[in-house]
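Two complexes, one shared chain (chain A), two partners (chain B, chain C).
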Partner chain A sequence: MIRKIAMALVAGLMLATPALAADPPAEIKIGTLYASSGRFASISMPVHSALKIWVDQKNAEGGVYVKAFDKKIPIKLVAYDDQSNTATASTLYNQLITQDKVDLLVADSGSVLTAPAVAIARDHKMFLFDQTGTGASFFSKDNPYIALMADPVSTIWPKPVADFLTQDGPKLGIKKIALLYSTNEFTGTQANAVRKFIKEANAPVEIVYDQGVPTETSNYTVIINNIRAKQPDAVIHLGYAPNDIAFLRNVNEVGAKFKWLFCIYPGLETELLEKNVGVKGMQHVFTYVPPSELNYPVNFGMKMPEFRALWNKTFPDGKVEFGFNAVAGYTTALVIEKTLSVATSLDQMELRRAVFSLSGQLKTLDGTFALDETGGQIGELTPLGQLEPDGKGGLKFVAVYPHDVATGKPVYPRP
Partner chain B sequence: MPSALRHLLFIVAPLLAVFAILPSVYENHLMLFNFVVFLILAQGVNVIYGFTGYLPFGYVGFFGGGAYGFAVMVMHLHASAPVAVVVAGLAGVALGLLLSPLLRLSGAYFAIANLAAALAVLHFVANPALETITRGPYGVSLTATFNPNAAYAAALVVLALTMGAVVFLKNSRFGLALQSVREDPVSAAMAGVSVVRMRVIAWLASALIAGLAGGVYAWYVSVFFPDNVFSGTFSIFAIVFALFGGVATIVGPIVGVLLLYGVYNLIGFTTPQYFQLIYGLLIMGLVLFLPAGLVSLATRRGWHVP
Partner chain C sequence: MLVYALVAGLLFGLYFSLVGIGLNLVFGVMRIVNLAHGDFLMLGAFIAVGVSALAGFDPLFAVPLAFVVFVLVGLVLYYLLVPRLQGSVDPEMLSIILFFGLSQVIEALTTIAFGTSERSIDSGELGKILAGLRVHVFGGDADGPVELLGQSFPTSWVISAAVSVVAILLVYVYLYRTRLGTLTRAVMSRREEAFATGINVDRVSAVAFGIGLGLAAIAGVFAPFMFGSVTPAFGEDATVTSFAIVVLGSLGNPLGTALGGVVYGISYMVVQTYLSSWADLLPYVLLILILLLRPSGLLGRRVRVA
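Right, the complex of A and B next:
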């Protein structure tokens, strides 16, 4: 008798299983990694903190709307600390997929910590929400399991810089360009892109100095003198924040007066650069204008002032810096939210289809989200700007290119 | 039964069997793969440090060199993955030969010079001028050979070979000669041991092991940058694991990897916020109370540790 009841129960459970499978899950599990220590902590923590802010905000509203189940479902963020260690990151990405069985997989920040996830996600047929891993090698036609959320892919990122030099540059008298870059994937790829755009423009400008140096370089004195010897009209320095700090300090120390000088991080980590280089050393430097300075019109999510206010409320001590990376994390969150609101199931290929359907349509505080066919981000371009004195002892951004977003004229040559 | 056979039967074979079976019962294969890679690297450190006394802080140079040897073979010569792994090992040996003059140094001087050499290899590989060969700093994507299961099996083969080499060193006159060189090179030379030849062979064997490990690692991960495979963490972990268990033994590095890397993952999955604290305390405790590694708990009592 007991055996018959047990068999009936098992049969009943088996019959009930398909119905249960269609039931909405109690929570949507989003798996991600962050680096609380190590060389990538400074870029990873703002991105991760922004993602957490979004999770808390949505859960306070009862969850995120999931079209597949036509209801709001709370989010569970499963996050591990990879400590900037790539071998650890590999293990943890695998843990998220195989043990935690997350519904959505989100990479850590930067290309080096995203790289281990690319192959793992593909192997497990999980779609990877790549936050800021801009490495060109991640995106190929034969890998449908990745898309870049928040930064432009490195191969197009410096387009506004090159376009300004080739289109507006000759009118200003810029003919000779010096290109100095750190030999890592992020800045090396941007250097390649600058060369390519300048060559393709067929403009009357030429690169008279082209040099890569190790990322660990901390003294640029000799290099600056070598650049001066070539008498360039414009100098492009592509490096990480420590490189920019050392380079700008050395430029001021040796008294080099470059007429036009571009660095990446005065725009991306302005507060850090101000602390280490000083306001005077950054005056009239050209850089990327971060979205936090632009107030893009949005059709989804918070506008920049609202997001900034929420950030300041969440981190009143200012220990996690607000800026480019914080916006990147929130942008990823918005793409995820919008994806869940249009995907008809949580199947990974359906998630991909939903993400790609947002291309060109989704406008966030980071600009227009746009993907190429391989998943590389080709929207959200950062305009070229110049740091000018704000009259109160600080600095302000003046966007100079493209012209449709320009807020002022470039100061050339630098005083 | 000869002791070498006993060691193979009761230490190496069970270890390999466990790691061959585990993927069928535990899904995080990459974690298991990392265990195998660190077992290989810790034993590689054991070969050079345990048996000759040279502490290779730049051991990752061979590992990264092997990974890029694998990548170059696959990208340019379209070699099959097993052939590329063999070439990865040979790339490690070639680097070992190139750096063999470092063996003229000793102690801290060797360790620092070795670290500098690894950085030099990294910057050589990551040089944009070599983009057409190594892809420079832009990273490689080896989708053509991507096969995690086969790479895991290859890692087990490399582990078997490495363990076989350590068993040989532990049970042969050659290994004894190496240890005599480590303890007192002058006396060893007086006894007829060719000190230079012994050191170079151990150095190249160690480089071969790391190169092979780098090859299988590249096979498994398939997308990587120079920073990924030349990360100093590989050297530090391999050295710490080997020292934690106890070098110049077969089981010491195994115990070190299983315990310390196990704890590492356990903390990483459960209480990452205490990671540095717990791990730091463990290593400090080891240095203060067990400088000869965990196996010294047994050897102090007069027990024989293979």
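Right, the complex of A and C next:
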């Protein structure tokens, strides 16, 4: 009798197990970090705010469609404040994985705060949705647990800058280049890429000044004087938003007249830079042309004007600026949404397969999502542009390179 | 390049003397480590942003405003916090914890009020009321840089350095030419003995605490110009640098801070010129060097005897 009961129980369990495995969770837990203070707050909060906009939007619709359970499931965003501190970020990434047991892990914005997540995610075999961490060392063939969502990987990002200087530069009279960068994974990688592209081009240009400064640098007056002493025809400054603010302000304050000047953030966080540097200080500066200026055709998610309108409605006080990072956060959200709609389970390697299946297919307001085999983003490219007066007291982007997307000619030398 | 670095370092250093002097005054009088010093500096910067962006005035008007506001804030905070601290067994150690907490509260409240993004003021706004005088003395354009020794420096640096010199001189006059200053130095020298001789130590300390915070706020007015921008989290870095300068000059000697600031400024600019990647290590390297070679600071001995 006992044997019969035991067999019936085993049979019952065997029948019940598949049903239990298919039971949908009450919520999909997405774990992430943000920096509400510190050096990276201005690039982290827009990304995080955009992610929250998407979560609220989807939950208002009853959740996000999850193919693994063939139904809509609400999202729970588990987010902690790392305060721009990498040590705090390490602890919190571990907490998200081991204590909160999140289903999806999303990195904080920027390479500095993504760096700790890369190793931790890999150790825990957790797939990392890397929002904007573009550092070269994050991506390798032996690490399947990462993909870059919304920025081109830094090894290729500055190619339009280097190509312009080596191909169009000599025709304009550009022969000597100064390269100044902040010594971190993001801009350090971009500086390496610039050097590599210039060297490979074998063009009649040379780098006459090549210096790194700490990322925390907030004063460039002496450095600008040193650059001036080298009499470069073109100056490339690679830094985060606070670096660009300080650098551009100092350039104007000491009356330095660089004939060609490139900075990253006048294009990426134009509103923030305008507030701090002023329109006059940004005129004729070369920068990346952000997706907000390009209006890419989309096949998933909101178009740029819709997203911008929703952003303005959600953050009417302007405390979080709209810019490239806001778009990046929303792009990450769209990749997550699409991934959940095609992944057949929440297994981390299945999530990876689903993300990579979107490569070349997904077109968002940030451009075409395309990954290389290591998970580096090779789509969503940003052309080289120049900020020109719009005649109404503001600035407009003029794309100058590559030529097939150019909307105007470069102004050289800067007036 | 060296001449430029030296002049820039002098201007930069004079400003940093102002950044540190309030911290040193507070420590000298009360033996209290004010870890929220940088946050009061940050609040001074936000007052300047308000005066310039909202009211449309020259940020120089924020100097007296910030000073008065934070002297009053200092007086209130003193009577709220410090007597309880002084009554504890180890006030120095407890002050570190207390003011660290205060620093976090100030940063959080400012973040809630103003957001996390960088804030700044147009460089041309600072000293626009003195533009005519500046052109008369230094030549050049009204909104251009200042020419010194044939090299151009930001106008805001020269103004910041000039205000710093005036503020340091006023601190000197306060300490050595007023009765309250004499009492302050007595408290700095021997707190218990000053109390025993009938000096109202609390009143003297409260005024010093208020002045210390007021000086921090004045330094903050110039922070958007010296550092490009400020955020609510700006205070932490400012406190660390202030400590390096104060220890360099001598803990408890406000005038040593002036020297410490100049040494720091010149060292920073020279390192930035020749070893730019290492520039941010400077405060810590100077701190270690001074603690190893002259633990009492550059003017350490003089203060104890004074």
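Methods note: the second predicted complex is superposed on the first by the 393 of 415 C-alpha atoms of A that agree within 3 Å, B and C clash if a C-alpha of one lies under 4 Å from a C-alpha of the other, contacts with A are read in each partner's own complex, and residues count from 1 in each chain.
The criterion applied here is as follows: contacts are C-beta pairs under 8 Å (C-beta built on N, C-alpha and C of every residue); 3 or more make two chains touch, one makes a residue touch a chain.
As the structure is a computational prediction, the values presented were derived from the model and not from experiment.
> Quick check on the superposition: with chain A as the shared anchor, is it clash or fit for chain B versus chain C?
Clash: chain B and chain C overlap once superposed on chain A.
> I'd like to know which partner A:272 touches here: chain B for first, chain C for second, both or neither.
After superposing on A, A:272 lies in contact with chain C but is clear of chain B.
> Which of the two partners, first being chain B and second being chain C, lies in contact with A:223: first, second, both, or neither?
So A:223 only meets chain C here.
> Between chain B (first) and chain C (second), which does A:212 come into contact with in this model arrangement: first, second, both, or neither?
both
> Return first, second, both or neither, reflecting whether A:37 touches chain B, chain C, both chains, or no partner chain.
In the superposition, A:37 touches chain B and chain C alike.
> Which holds for A:57: it touches chain B only (first), chain C only (second), both, or neither?
Touch status of A:57: no partner.
> Where does A:136 make contact in the superposed view: on chain B (first), on chain C (second), on both, or on neither?
So A:136 only meets chain B here.
> Touch check for A:123: first (chain B), second (chain C), both, or neither?
Touch partner of A:123: chain B, not chain C.
> What is the contact status of A:252 with respect to chain B (first) and chain C (second): first, second, both, or neither?
Touch partner of A:252: chain C, not chain B.
> According to the stated criteria, A:184 is in contact with first (chain B), second (chain C), both, or neither; which is it?
first
> In the combined picture, which part of chain B sits where chain C already is, 6-14, 24-32, 114-122 or 132-140?
Only one listed stretch clashes with chain C, namely 114-122.
> Please identify the positions on chain A that touch both chain B and chain C, taking each partner from its own complex.
36-37, 83, 183, 212, 214.
> Can you tell me which positions in chain C touch chain A when the two form their complex?
By the definition above, chain C touches chain A via 1, 4-5, 8, 12, 107, 111, 114-120, 122-123, 144-145, 151-157, 226-229, 231-233, 237, 269, 272-273, 276-277, 279-280.
> Quick one: which bits of chain A touch chain B in the complex? Just the residue numbers, please.
Chain A residues touching chain B: 36-37, 80-83, 85-88, 90-95, 98-99, 111-112, 115-116, 118-120, 122-123, 135-138, 140, 142-143, 183-185, 188-189, 191-192, 212, 214.
> Quick one: in the complex, what on chain B touches chain A?
27-31, 34, 37, 123, 126-129, 135-141, 143, 146, 148, 221-225, 227-228, 231, 233-234, 237, 264-265, 268-269, 272-273, 275-276
> Which residues of chain A touch chain C once you look at their complex with the stated criterion?
35-39, 41-42, 45, 83-84, 183, 211-214, 216-219, 221-223, 225-226, 229, 241-242, 245-247, 249-250, 252-255, 272, 275-278, 317, 319-321
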